[in-house]
Amino acid sequence: MPLLIAFDLLDRQIVDRNDVPVGKVDDVELSDDGRYVTALLTGQRALGARFGGLLGRWITDTATRLDIDRLGPRRIEYDMVARVDSAVHLSVRRELLMPPALEAWLDEHVIGRIPGASDAG
Amino acid sequence: MMRAAGWAATGLVAVALAWGGAGYLATKPVDFHDYRVAAVGAAQSAYDALATASLTGGALLAGRVTQPYADTMLDDARSALAGAAKQFTDVAPPDDRTEAMRDRLGPLLVRANAVLPGRSSDLTRGALDAIRPVQAGLDRFIEDDK
Amino acid sequence: MRASDLLGERAVDGSGRDLGRIVDLVCETDADGRPELVAVLAVRGPWGRLLGYEREQVRGPWIVETLARWILRRQMTTVPWRSLRWGS
Amino acid sequence: MKRLLAVTLGILTAIGGFVDIGDIVSTSEAGSRFGLAHTWVLVVGIIGICVYAEMSGRVTAVSTRPVFDLIRERLGPRVALMNLLGSYLITLLTLAAEIGGVALALQLLSGAPYLLWAPVVAIVLWLVLWRVKFETLERAFGLAGLALVVLVLAIFRLHPDVASLRTQATTFRPPRGENWPTYSFMAIALFASAMTPYEVFFFSSGGVEERWTPRELTISRVNVFLGFPLGGLLAFGFLATSAIVFQPIGLDVSSLGQAALPAGMAFGTVGLGLVILGVFAATFGAAMETSLSAGYTVAQYFGWSWGKLLRPRQAARFHIVVLVSILLAVAALLTTIDPIQLTEYMLIFSAIVLPLTYLPILVIANDRGYLGEKVNGPFANALGLIYLVIIVTAAVAAVPIMIFTGMGG
């Protein structure tokens, strides 16, 4: 069955092999000649670019400011996609991917410092 | 681009209309209808405060509610009554008919304030009996002017 | 290039006829297992996504489906990748 | 026993829709002014939320995706963002009101002013959400909220005139001396809060937290068809006792204390204590429901990891949203704004949010790609469509009527 990029991929939840959320498919990267799908892009920078206008610029700017290491939106190689159903399932664990800048920062500076942050609920 | 401009124009017009409407309502002089609504509202709030105090008092004397509960209820009733009095005195009567309304309701509110007990320890049979005629007066005012 | 660069752009066929805006890109797995773009869906008129009714599996409620499919039939075209010309 | 406890998610969710602090006071106010003339609204609300909660439970159990995921997927990021903003504001206003409600219940017990209690309640709320397991929360507060049943029993103890109550309940118009606009405003407010969107967000996210699979479809349905009618019954307790005690003497209920009084009159201090305990559990439960929902919706819109099954460090952004929402809510309360008035403002946002929440649920419940054989039958679709029309009508009518009546004055 054919895959529809806007319908089947865009805005769908990406989960790792243990079903832990990784991010949304905020955009899809195509090869330079536009023939092949090469990667999924996730993160507010990719999302803001899709919004356009003032709101989009604001989202992108905020996300850029939080991205201290200037890594750009997170790229997930399309090779890592195991299957697509109600979510996009990856064949790897979340820990193997680069953590989102905001999550890493909050974990290190706020949440990780509160007692009990490492206990499962 | 055109669509964005269209939306912006629609938005501006809506804001301007809402602003103008709100401005008109805020500056419109008080007429008979406005005054009656304010007066009946104040009377209803005062009536509610007295009725609450009298129901609570009855229940407290029968040992059916606790003292902290009764105190809270009386606090609420007092602040509701104060709010009603302020709502009433904030509007000046525009004509003779409304002046007559003011002269009837004003004394009732003063009496309500005098008979409403301040603490649960003041809720005696006598205090409850004193509330009843004021409550009836407010009720009559509401019925007559509604 | 990103998918969002193409989505929303105008598409024009060989004879220069306007096909509307691109609302979706169709992929199929090629011989090497890579997802290859084979066609685009273009829609005339103001509709973007139609809640998924462009796909067969989305059905009912009857009245919503009928309405969505009616709009789709009139306004949606599938254009093979090869025969695409890009409008401005 | 375990099976019985499995329905507490539905009960807790329903409490947030039917007997949270705003509902307790506005339902009692409706009873004190209009008697039982709003009973039909409760029935319509119960059926409506059952229809859509059943669909969302089914979608969640089969696809393992919570509802807000699907809203962005079907409506796209822009429209979903509008829904997110609207429902976040509703949820935040309600959260502030619930914290105030818990504080008001504590004031009734202790006599100390509620503004002193509010920060304490907020701290305890956050600690509970940080440390306690989801299932424990759900059971403790879902079950304690059932103490409100004492009001339903009070209906019989107060020896009402049954014939007159029956007439009131079958009359679909305001009684003499009251007007149509106020009657309609209260009907819309009661209906909108019965269908308030954080219920389906919380219910479906709770299903994911409990790891529902297609095997749990029955559990999901039992939750819906027991939990929501039970919530509605508790609300009816407030409506009916206020109609019996306050309507004959013309007292318009406007505070939590007044709403609790009929229980004291019927069962003495024990009854009063039970109602206050029930109100405490219900408002605290609703506070948990709304603060978690605030985190769920934001995290699910952006695709962040969320939930209480993960360690907080694994879902740092979700926990920050919950924490910040609680702080904002307390800040709003400490401006001394009336917490009960707060919930009435949510109607404005409901107009945008309700259709944008329930339409995608209805469409996805028909998607064979997701649900296979478990798609809606004709009955669910017919009800779903009828309710969509009711929701849109109520949403459109809400704001003009609200302005016209000065919020039900």
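Note that the chains take the letters A, B, C and D in the order they are written out, and that residue 1 is the start of every chain.
We adopt the following convention: a residue touches a chain if its C-beta (ideal position, glycine included) is under 8 Å from a C-beta of that chain, and two chains touch if they have at least 3 such contacts.
As the structure is a prediction and not an experimental result, all values here were calculated from the model.
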{"item": "Maximum inter-chain contact count - chain pair", "value": "A-D"}
{"item": "Intercentroid distance (Cα basis), chain D paired with chain A, Å", "value": "33"}
{"item": "Centroid spacing, where centroids are CA-atom means, of chain C and chain D in whole angstrom", "value": "41"}
{"item": "Separation of chain B from chain C, taking each centre as the mean of its C-alpha atoms, in whole Å", "value": "61"}
{"item": "Chain B and chain D, separation of their C-alpha mean positions in angstrom", "value": "29"}
{"item": "Where chain B touches two or more other chains, by residue", "value": "none"}
{"item": "Contacts with 2+ other chains: residues of chain A", "value": "50"}
{"item": "Junction residues of chain D - those touching two or more other chains", "value": "76, 369"}
{"item": "All touching chain pairs, where touch follows the definition stated at the start", "value": "A-C, A-D, B-D, C-D"}
{"item": "Residues of chain D touching chain B in the complex", "value": "107-111, 177, 245, 249-252, 254-255, 257-258, 260-261, 264-265, 268-269, 272-273, 276, 409"}
{"item": "Contacting residues of chain C [partner chain A, same complex]", "value": "1-4, 6-7, 23-28, 34-38, 41, 49, 52, 54-55, 81"}
{"item": "Footprint of chain C on chain D - complex, ascending", "value": "74-76, 359-360, 362-363, 366-369, 375-376, 381-382, 384-385"}
{"item": "Complex interface listing, chain A residues touching chain D", "value": "11-14, 19-24, 26, 42, 44, 47, 50-51, 85-87, 94, 100, 102-103, 106-107, 110-112, 114, 116-121"}
{"item": "Interface residues, chain B side, partner chain D - complex", "value": "41, 44, 47-48, 51-52, 55-56, 59, 63-69, 71-73, 76, 80, 139, 142, 146"}
